[in-house]
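Each of the next two complexes has chain A plus one more chain, namely chain B in the first and chain C in the second.
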Partner chain A sequence: MHLPEGILPLPITLGGYVAAGLVAAFCVRRIRAQVDPLSQVPQAALMTATFFIASLVSFPIPPVSVHLLLNGLLGVLLGWFAFPAILVGLFLQAVMFGHGGVTTLGVNALLLGLPALAAYGLFQLRACCPLLLTRRFTLLLSFLAGALAVGLALLLFTSILLVGLPAHVDAALERRALMTLILAYLPVLFLEGLLTAMLVGFFLRVSPGLIERR
Partner chain B sequence: MKSWKLLKVPTGSPLLHWEPRARLLSLLVLSFAISLVDQVKLLPWMLVMTGFFIIKSQVSLKALLSRLGYPSLLIVALVGLLPFVAEGRVLVQWGGVSLTREGLEAALLIAVRFFCIVSLSLLFLGVVPLLVHIRAARSLGVPDLITDLALLVVRHLEILSTDWQQMRKAMRLRGDAAGFWQRLNTRAWLLGSLLLRSHERSRHVYQAMRLRGYGAATPNPVNPSSMTAQSQQMTVWVFFAALSLFTLQFGWPS
Partner chain C sequence: MMLKVVKVALLLALLPVADRLLAHAAIVKGQEVSGVWVEAIYETGEPMAEAQVTVYGPDNPTKPLMTGLTDASGVFTFVPPPEAAGLWVVQVRQAGHGAMVSIPLGATLQEGRPAVTAASSAAGVTGTQRLVMAAAVVWGFVGTALFFSRRGRGNAST
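Then we have the complex of A and B:
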């Protein structure tokens, strides 16, 4: 779900750069405000590499092909680091494989990074009420966070495409094509929710520190 | 560490000796100038301009085209469909399918913009190691938190993919789990183990980097006089190319 070069007009790509820069700066500020900000860099790098590899592997759901996004998982495990991590992952994908693009880097970072931050916000609901800090509730929140991130990314992706595609495209056909894409990504939404919950469950058993400090 | 250099060019190529910060900024300026174009009349000029940089770089056209294969797959469907799904003046009609002028123009614009930007990105960024760009981004003011992250990611990519292959092979040799849900669960646990293992390793690598003084030195400010003549020449060429596109786009008689 990466927007390639050449499709979007300049105001959207340039606006995307500015907005992504502002969000990244805000996230970096929040990270620096933490007690030991650099200690989380290795984990963030590791998750970025995982995001990088996962989103390059596509699998066909006819008539389109989809790939895992893992932005929800990044949000849950990395918190404020999720947005810079996605930005870095997208930059490397654009440079190394031409996946996404140099001019669409800002827009792509927004459409995957903002849902990741939303997933983090949802996962943080655990902190609101100590009674809800049970394993079952944590797993439920992880599932919802993983699925929400994919759903929001899909929503942003289709909205940007609707605005950015040439005006004379048959509107009904355009809507049908986007609906096909949304339907193709519905299994991914469920799968990512499940994968996020499974991984959080694994970390809770093996290394709870990775989850608890979020 | 692997250099992730995508294209090989002769040692005399001006692209190899281009100052990294100027290279990054030039690519951004030129790419945005190309994405500004929305007139079909300017497409030949964009292709000539891209061709000029391909010739100047002395890169093998075969190598460049082979690198374009993967990113092009993503856009082929859109460009192929657009002439038939757009509304406008019909050029040719076969039964219920009609090819429109507006659709054809939109598809041409997208295809040429895509080809030019991706080719220039590959030329400008693919001929030197990835680490050069990360350092350049750092000296352009990108926070060290982000550049450190990028450096570690590059390192992890090799380790992670090797470990993942090994773990999957080991699982297959042990018989692996049958059934979709069991396999999904196994894969999730496998991924979790891989992440945990690599996390410990990455923490040690990062601490070693910090102890060796990584990130302590402040980057040098941009000093145009330190740029070689070749560097300056390339930057000026890019500036003129971007300016020509800008002028033609807004100065073309309607």
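Then we have the complex of A and C:
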């Protein structure tokens, strides 16, 4: 789910940088508006580390190999911090391990970060209806948020690839390869939903403040 | 006598085009040349089978010179024209994954010696190195977390 260097045409990567910069600036504004913006930094730092590691551990789902994205989890646990966290994590992955690329950093941040914010938005539905603030509903929402983030990331990934496909690349063949990849990521979608729900359940038990603050 | 001269003249006139008139045989030549061998694998070691390959020549790095597909073991071979010395760029892509490799081709190729080997940037880091790099980054994040959580406690106590 990381676009490497040289896959996308230059205008798209530049546009990605501009858009990612705007989104990051917006997130930072929202973070600054919080009562104690720095209080969430330790959590954000640890989640960024988790996100950074997650993409290094790939497991095979033949014929491709996939890795966890964890963007939904970051969205649910970090809120507005999720986007900057993903940006930092992606940058380190790109420069240290060549996962993704420096030129595609903006696009990749949008691919993973926007779904993370969407997951946060979905999880926030709890806040609008106090009657629904049961443990079971929270867990259901976190499952959906985790799965939604992977699904949206897949959707964005596929569409941006197909939009930026150069003329000399066989589009039918690429679409087939993409379809294989999407099918391989469907179990990941389910798994991440489950993982997000499990972790939210864990935090609800151990340190409910972490979840209820959102 | 006159007729003979005319006949000879006719024959002579036909000689230059005789090649073309009689040319219906196919000619196949064989010669050993040096080519470029490209192998594309995922970091897991899996070959990138049926991935799309684009080859850019040294003259124009934006216009693809040739395209093709890797075989089941992720291998693609091509023969660059002998006069094309310079930096050749080969890109292999499949479903949004892929990498580029720059292959400097020069005099070595023309002399028939094995060409230079080159690899894309992700290759060449051992597992241990990766582990240490990852650990260093994670430790940086943990340090950040500890630093800011101390700050939080300090404020609370004052």
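We adopt the following convention: the second predicted complex is superposed on the first by the 213 of 214 C-alpha atoms of A that agree within 3 Å, B and C clash if a C-alpha of one lies under 4 Å from a C-alpha of the other, contacts with A are read in each partner's own complex, and residues count from 1 in each chain.
By our rule, contacts are C-beta pairs under 8 Å (C-beta built on N, C-alpha and C of every residue); 3 or more make two chains touch, one makes a residue touch a chain.
Not measured: the values here are computed from a predicted model.
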item	value
Overlay on chain A: chain C relative to chain B, clash or fit	clash
Which of chain B and chain C A:6 touches, first, second, both or neither	both
Partner chain in contact with A:194 - chain B first, chain C second, else both or neither	first
Residue contacts with chain A in the superposition, chain B compared against chain C	B
Which of chain B and chain C A:157 touches, first, second, both or neither	second
Which superposed partner A:76 touches (first chain B, second chain C, both, neither)	neither
Which superposed partner A:181 touches (first chain B, second chain C, both, neither)	second
Which of chain B and chain C A:91 touches, first, second, both or neither	first
Which of chain B and chain C A:46 touches, first, second, both or neither	both
First, second, both or neither for A:114, with chain B first and chain C second	neither
Chain B region in steric overlap with chain C, selected from 80-88, 170-178, 188-196 or 242-250	80-88
Chain A residues contacted in one complex by chain B, in the other by chain C	4-7, 38, 41-43, 45-46, 48-49, 52-53, 92, 96-98, 168-170, 173-174
Residue ranges of chain A in contact with chain B within the complex	2, 4-10, 13-14, 24, 28, 31-32, 37-38, 41-50, 52-53, 84-85, 87-89, 91-92, 94-99, 101-103, 166, 168-170, 173-174, 191, 194-195, 198-199, 202-203, 206-207, 210
Interface residues, chain C side, partner chain A - complex	42-44, 46, 49-52, 54, 64, 67, 69, 91, 93-100, 120-122, 125, 130, 133-134, 137-138, 141-142, 144-146, 148-149, 151-152
List of chain B residues in touch with chain A within their complex	4, 6, 27-28, 31-32, 35-36, 38, 67-68, 70-71, 74-75, 78, 82, 85-88, 100, 102-103, 106, 109-115, 117-118, 121-122, 125-126, 130, 133, 143, 145-146, 148-150, 152-157, 160-161, 164, 184-185, 188-189, 191-193, 195-196, 198-199, 202-203, 205-206, 210
Of all residues in chain A, those that touch chain C in their complex	3-7, 38-39, 41-43, 45-46, 48-49, 52-53, 56, 58, 60, 63-65, 92, 96-98, 157, 161, 168-170, 173-174, 177-178, 180-181
